[in-house]
Structure formats: C-alpha cells, structure tokens
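Handing you a structure now.
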C-alpha cells in the first residue's frame, strides 16, 4: 500500500476532529496505533525522534487557507517527506443528545471556525439559537453530550464518538469545502508512481521575487511540469530571503520531474524535496504536454547519443 | 492621513486581542468608534452595508499563515478595497492578577495558537505548569483576571485591559513573528502614493496553472513591477478555475503599475483591484528597475508620438 | 496611394534587373522618374540628400538571403523609413536573339547567382551548353542581344528591354523563389493602416544575447505582437553590441504595437523605427491574439481610469 | 588537429578569392588537394558524394550578410556538419602590374561588392578613376595583370597570385569587416571541446513565430546556453513553417548543451545538428552562468539520485 508501511501513527488532536476522521480513512492506521498530539510541531517531532512512524497533519483548508505552521515545520529542521495526502470534505453535522426539533434548540456549542462556516445555515434554520464558542469541534460535541448545550456543530466522527443524534447533515455554507492533510514520515524511497501523483517542494530564492519566481516557474514549464498550488512564505532567517511551496503534477521517478528538480537545484538557493505521493480525491492528472513523456525524453537522449558519437541522427 | 477619513470602525473581535491592538495604532480609530465583530465576514459585511466606514481584519500571520477567509471575502461579493495595512509584532506576555514568581505558577490559560507559539519558552521557564485552552487571547486574560487560573498568555493590550501584572514579556519562540492586518473600505480614490506602496490584486485564471501563472508574472515583470507575496487559492465556483492573490510593490497611480494592470485585465479571466496603500513596517521599497520609472514611460510615450507623427525621433 | 507621394525614384541598378521590374509595379513610379544607382548606399544617400524622393532597394532574397548592406545602411546614418514593400517572384527566362531549339544552344550568358538558381534546369534541358558568367542579369541579356552568346538567363524585364525571344519561362529550380524590396523615404507620417501591415525595427542590445533577445521578444509577446522575421547582425561599433532586425505583424498606429515599441524603447540600448507599411503578397495577417485588439486596450484603459478615480470598476 | 583529418578539399571558387585565402589558413589544406567549385551547392555535393573530404564555403560576410544558399544547403539534403570555422578580415588591396602613383590611375577593375565596400576610399584617393565591374575579385586581378585596366581591387591572395604590385592596403571603408567560412564534412564525431566552441543548429518550428521562438530561446536560456547568432529563414516546403539558424556558445559534449539540444528535440518540429567546433578569432567564450557548469549538473544529478533512492539529500 503506497506510503503506509507504518504502524505507529500520530495526528493533530484532539480526538473527534476532522484530522482523526482523515487518519481513519487509511487502512494501516485502522490497524495501527493512533496517538493525538497537541500541536503540529509536536506531531512532527514525534516522527523525527522515532517515537512515531508517521504523522497526519493539516496542510490547507479550503476555507481557512494554508496551515502555515505545517509548511514552516516541513521546511525547517530534520528532513521529512509526505508519503500520502488525504482530502476529506468538511461535512459538519448538527448533533444533540436526543432527537429534537430544530425550533426547540436554544443553545449550540461550536468552534468559531465551524460556526463561521455554517453562518447562513444557522440564520436560515435556527435563527433564534445562541451560538456558544467551543475550543474544538470535539469539545463542542462533548459539551452537547454532557447536556451543557442543546446541540453542537461537529464532525461526523465527533457525533459518533459522543453518540449524538444527528439533527442535520452537511450544514456548511460551502458544500464543496475540503481539508487536505499530509501523512509525513522520515525520508525513504517514495511510493511507486501511479500516473496521478503530486510532488511537493520548498524552494528558497535569494533575490527579488518576480524575476526569481519567473525563473523557478520556467524551470518547471520547459519540462512540461504543471503546478497545482503555490504559496510564498517569508523566512525570518535572512533579510530578503523567500520560500515558495509548490505542488507539482507528477512523480520524482518521471524523467521530466527529475530534470526539472535538477534545474531548480542548479538555480535556486536551496530546494527541499517534500515528497512524491498519489493524488487524492477526484482530480485527474493534467495531461502530459507534447514532448514531455518519458518516451519523448528517451527518444531525445538516444538522438543526442547518436550526435555525440557522430552517427547518422 | 492616507486612507483614514473614517469614523466608524469595526474589527475582528473580541476585545483585547491583537486586532484591537492593531486598530489602536491608527489615530483616526482612536478618535472614532471601535466595534468588535464575531467574524471576518461579519466585519466586512458591516462595511458593505454602510454600517461601518472601515473594517480591520487579519490578512496573514507569520506563524499561522494566510487568513483564507479574509482573502475569499475580499475576492467575492461587493467590491472592497484595502486603504491601509497595519503590521504589528506578535509580542505575547505572561500576565497574572498579581506579581508572582514563575515557579509558583501551576495553571496557565492560553489560546491554543498562542501556547503553540510559546512552546519552548513554557518548557524552559514554567515546565511544570498546566496549560489550559482558552477561546481567544482576550478570554485567557479574562480567566486569569477572574482567578480561574494562575496566569494567562495574552496580548499586551489584553493584559492592560484586565489590569494584569506582566510577569514576562516577548515570550514567543519566534521573536520576529508579526501579524498583518488590512483596513478595508468601500471603493474610493486610493490614498496618495508615498513612494513605498503596495498594490493588492486578486487575479483569476481559467486554464492550466504554470503557463497561466507565467503569463501573469510576465505582465508584471515586463513593466518592472515586483511581487512581495503570492498565494494561490482554489475557487469552488468552476472546475479548474484558480485565483492568485498578489501583493505588488508600487501604486496604481504609477504608470508602470497602470500598464501592468491593464495587461492583466486583457489576458486574465478576471482581475479584482484590492487597493493601493502605504507599506507598513521597515521594509524599504524595491528599487525601480532601469527603464520603469514614470519619467522613462513619459520619454517612451513622447518618442512614440513623434514616430506616429512622422517627426524626427 | 499608401506610401507613394513621390515622383523621383532611384533604384539599385543597372536597368533591366529585378529591381527595376519591382519598381515598375508601383503606379507612381510608372508616372515618375526612375534613376538606377550603382549601389544600395548610393541609392539611399540620394534620398537622404533630397536628390530623390524614394529609393527601391532589395531587402532579402529567398535564395541568397538577407541583403546585409541594405540593413546596415538603414540602421546607420540619417534616419529613413520603409513606406512600402514589393515582393516579386524570381522568374528567370531563357532568352535569345531569335527562336531557337534548346539543343542548338552552345553558350549561355548568366549572372552566377542566376545560373546557380537554374542549375538543375540547365542540366536537364541544355546539358551540353557552356555557361558564361555575366555581371548582372541585365548584362547577360545585353550580351545575348549583341550576339556574343547564343542565349541568356535573365529577368523577364531584361528580355523585353533587349527584345529577346523567350525560349523558356520559369526555369529557376525553386519555383517559389521571391525577392523582397523596400521603398525607402525620409521620415514622415506612416501610410494608413490597412489591417495587414508590417512594422520593421532595428533594436540594439547591450549585453549577452540570449537573455537580451528573450527580453525583446517578451516585450512583443505580452502585447500580442507577432514576428515574421528576425536577423541578428554584429555592429562593429562597440564590442559586444548587437542589433536585431525585426519584422512585426501590425502597424505603429495600433495600440498594441505602440505599447510594444514603448517597452522596447525603455529596455533596449536603442530602437530605430524603420517603418509601418502594407504587407505585400498573399500572406494574410496573423490573427490578433485574445485581448490584444485596440478595443481590448481601450476597455482596459477605461477600467484603469475607473480604478484610479475610485469608481466602481 | 580539430576537425581536419581530410586530404581532399573543395572550396567556393574561383581561385584567388577570399575563400581560397581562408582555406590556406588550414594546415591540412596546405598539404592536401584544393579544388575550386563553381557554387556552394556544387562544393557541398562533392562532399556528400564522397568526391571530397571537406568543403570550405562562406557562411556570412560582415558587409553582405548571411549567405542564404549555404544555410539552405546545410539545412536540406543529406546531413553535413561543420567541423571548423575560419574568420578572415576582408582586407582589400589595390594592385597594379607595376608601382604607380595613385593620381596616375584612370581605370580600376573590381567586383561590385568590393568597390561598394571601398567606396569612400576610392572617392578620397582616386576620385577621377573609372571603376569597371568584374565578375570576381580574382577576375579583377587577372584583368589588371593582363593590362586591360590600370589597377584592380582584389584580395591579397589575388594580388600575389597575379604578381601585382600592391599600391595600397586595407582600403575597405569598414576596417573590421570579416568573412566567416565553414569547413563542412560528412557526419562524424565532433572535434574535441576546447573550452571556446560554437554549436550550430537549424531549428524548424511549426507555428506562430514569436511564441515558438520564445520557446526555443527559453530551452537554451534555462540551461545557461548563450546565442551568438540567430537568423530566420522561410522554408518553401510548407506554409507557415520556419527555420532558425542558431549559433550557440558551447560544445555538444557539454552537459548543458546536451540537455538544451534534447529540449529542442522534444519541443520543435525538427532540429538539425550542424556541428560543434572551435571558435575562430579573438572572441572569448561567454562565461558559464552560475549553476550551468558540468560540475553543477553532476551535483544536481547526484542529489536527484539520492532523493529517488530515499537517502538523505
């Protein structure tokens, strides 16, 4: 199973949140141990120290955006690589201790980000209920289960764990909202290519941004490598030094990706390889541009060899 | 005062957090009204509806990363523009009801992001204290003031508001951490150029990312416009549609920025202008590249006029 | 009539060559005076000195290539502009004093370039004839008319002028060979745009070639201006200084061409405008790329004006 | 001796011109046979047919420009490669049968291109002499030696061959004028790299020019390969098909050149390798850009191998 030879898993806790739900979509994690961590750095340090085999941490949320602390932790310190991504829909439910009519609800516990994402639904369906902030989706479910509030906005896994009745499903205003998680391990051979993979890089550049970023993108473009995500992050390290986080379509085992990586290595201040892994979700691979397949590269290499040997080309 | 003719200010609440602290660095806000909002959308909607003149909301945090909800709210709905940025250091303090030796502290209230940012300091100075999660930096300070916990990690403004004694200052592990806020208004003439301005754009592209992004950056580069930040965000709206948030050095009143904006308008699916405003903080402006000053553009325009008229050029 | 208000024409002589033939396709030249010059510099200097209104000189030949002396003379000295191009097929004929069977021909006068272009035809049809070099196509026709040789390879106009019988037509091995001529005048308002125009430029760059040439082409590409020809020429003037001759699709009166010219003016060591004029021959104009029409530029300019004024955009 | 194992040489005749003079700068040609050809195609066909080992033909003249027939002949037909370039100054002399004062000269024989290049000198020093066209520089010298004219403009070699007295040296108006010749052979292993080499390519592209040319140049630029010459030539073959002749700094044996060639092979309609050979003349090699040396490529390849193997990188 690609990227999952692990048995001891750590994840961003607490229990009952979307991260645990994401982890449980991985069969090996179902069979292994699952330990919550208090923070992303704590989770990744457990892997670095050998106390865990893999950590599941959030990379980005389609509502909240990138998770800066995860990016920074991957870019610094002892190297780690992503071996798998997990993308799960942010499907909030409204749960309560027992079945209950919506117009009977007076108080709802919710993490502030969760209530923000369900704002329009709440106005439409429970306009007179008071929303009370909770520290996490898991904590909201616990509070409803304890009877502190009439209901809670939480993840499906949280409702199940607290044996709450689900009064309404899929209540987020953006029905397509997703959160993307990375399963992170110590460096090792990447999972086998599947034909629909992503490669994640942290690329440091030394100088002005637009020229340097153009140079980085050109190294990718001339090898037919496509981007699916780009984020810039400042580095406190030195004045005027920047890092870009790139998700590229393709696998490091492919020739075009290998040549592009070598090009970045040659022209950038520093390149950190953060893993090649199968793409999750329904997105299909970008088609390989003309001239960029492994066969095209092999043809060109054979042609060059004939030229260098002075043979008919 | 550039960008601040307003009198009714709204900000991401609650009171006593870094957003309020940032707002109070603006003289006009000191003189005007300051109303906390429960969420970024609520703050921006107050401006759109005319219930407030300007809203202060977080754009990005050097630890936590971009604030996706702010970006998305600016990119969608009725147009708004940034008229001012405020960058403040994330200087956490440890506060208590009364002066107290650190080794006497058994419990500390803190927002989870705050305790994560002070992790190493806590391990070094109060290793045996129990950290209890609070819903915001302001709530942590209130809990310490109420005697529920021995101390709180909070913003300086929160300690002052709750009359807490400051036991330690600047306790964040990253001493250079900052948060960047945007003061947002309904569209109007931008503040005057200062020579060190930023222009923020949301640029939608329709097709594959690396080629389209190269095209976007090339429109900037050929006019000598530099980037200071770039973020990609998916748009749920239509499959394969992306939006980039760009911060560019320069002001829309400058010729090079104007020509670059027109270029983007011509080649991109959509461009939303999100404001030109003075750069905050110590960063100096990027030097204007050769040939890109207003004088260079004026010289070229005069030369072209002579050619078109058939005069000696 | 575009580009031809002239009455005194000079052309690269001698009489009876393709240049005269090309000149006589211009109606105003039919009505004006037509004076042969001994060389391209002599022809252009006559225009510069006011001794002629326009000069017709060769720019390039599809067999022989660019005419370097013409390019250099246009790039240096007092400015001149091309107001019209003339492209004529290089249709050689075999002429003789009287009708004659091909197998009766023992000697043929021909300019060396002409006999080289008819090499295969000569081998196939008059394999045993001796070819004798002549100084020009016109001189070859004269020698045949004088009875010095049995026949001559010459331009149709030369055969007519010397009243030669045409034994064979279109005898060049490359049936599509053409020569391209430029009608050159002192600077003045360019001819009106026709929708299918060319603009010729000499662009000097100071530094290394591939980067500087990429910058030049990028200035064109971002405004949707296409190239139809490019030639590099060394300049003896200063070490490491190069000049590129560019033919671009479009007219200087068009917005996109104007903006591209201004961009080149800003980033290149020197740009010399060498004229906008109707494209000759059957080539249709390259389609205007999306976003590059005058209407697209006007839309973008109006949008920018609204942004700068703070109006809804 | 690089590129010159040959013994049977053919060159563009007739005898006594600059081409013969250029050939005699090659030691092996001094020892081998030297046969003039009537035209460039005839010279190259002799090599293709095995009747000669190498042909010396002109590539470009700093006054007259590119030699289109040579370019076209190299781009079409059975493959040939350049193994050596020879660059010689165009040093015209004025020769006569015997020593003679300049003001005693009434007639001068000269090839029209030669008299054009000496125009200003002739006006300054022999303003009253009549210049009579000759078919070649060699023919002019012969005519002066035969007493048909008082003097001749010719190449130094032509004056020597006809035992003419040299009345004046270096009489061309452009003292730096040079002609560049190519020594052409059937395909074989290229000469060894010298550290200051050129590689010549013919690159066919199928589509619009500016975009396709940008793509070609980008393939070179990302590998740090510099251009020293570029010419576009139409191809009659198919509508809208173009060929570019490129001279690049570097040798096909170098990694960066090899990778650039492979890139062109992958993205262009056709690439014809026309040889890697030592640069002639005083031009020093362009410095290798940062990250583009063979050592940089080897470092990047080793880094990639470690990543693919899952080793610490």
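As written, the chains take the letters A, B, C and D, and residue 1 is the first residue of each chain.
What we mean here is this: contacts are C-beta pairs under 8 Å (C-beta built on N, C-alpha and C of every residue); 3 or more make two chains touch, one makes a residue touch a chain.
What you see is a predicted model; the values in this text were computed from it and never measured.
Colleague: Spell out the chains that contact subunit A while also contacting subunit B.
Modeller: For subunit A paired with subunit B, there are no chains in contact with each.
Colleague: So subunit C and subunit D: same face meeting same face, with over half the numbers shared, or different?
Modeller: Result for this pair: same.
Colleague: Distance-wise, how many Å sit between the C-alpha centres of subunit A and subunit C, to the nearest whole number?
Modeller: 60
Colleague: For subunit C versus subunit D, what separation do you get between their C-alpha means, in angstrom?
Modeller: So the centre of subunit C lies 24 Å away from the centre of subunit D.
Colleague: Centroid of subunit A to centroid of subunit D, CA atoms only: how many Å?
Modeller: Here subunit A and subunit D have centroids separated by 57 Å.
Colleague: Do you know which subunit B residues sit against two or more other chains?
Modeller: Within subunit B, residues 218, 221 contact more than one other chain.
Colleague: Residue numbers of subunit C touching subunit B in their complex, please.
Modeller: Touch list, subunit C to subunit B: 79, 187-190, 218-219, 221-223, 252-253, 258-259, 261-263, 265-267, 273, 290-292, 296-297, 299-301, 303-304, 307-313.
Colleague: Give every residue of subunit B touching subunit A within the complex, in rising order.
Modeller: 38-41, 60-69, 71-72, 112, 116, 119, 133-135, 174, 176-177, 208-211, 213-214, 217-218, 220-221, 225-234, 236, 244, 286
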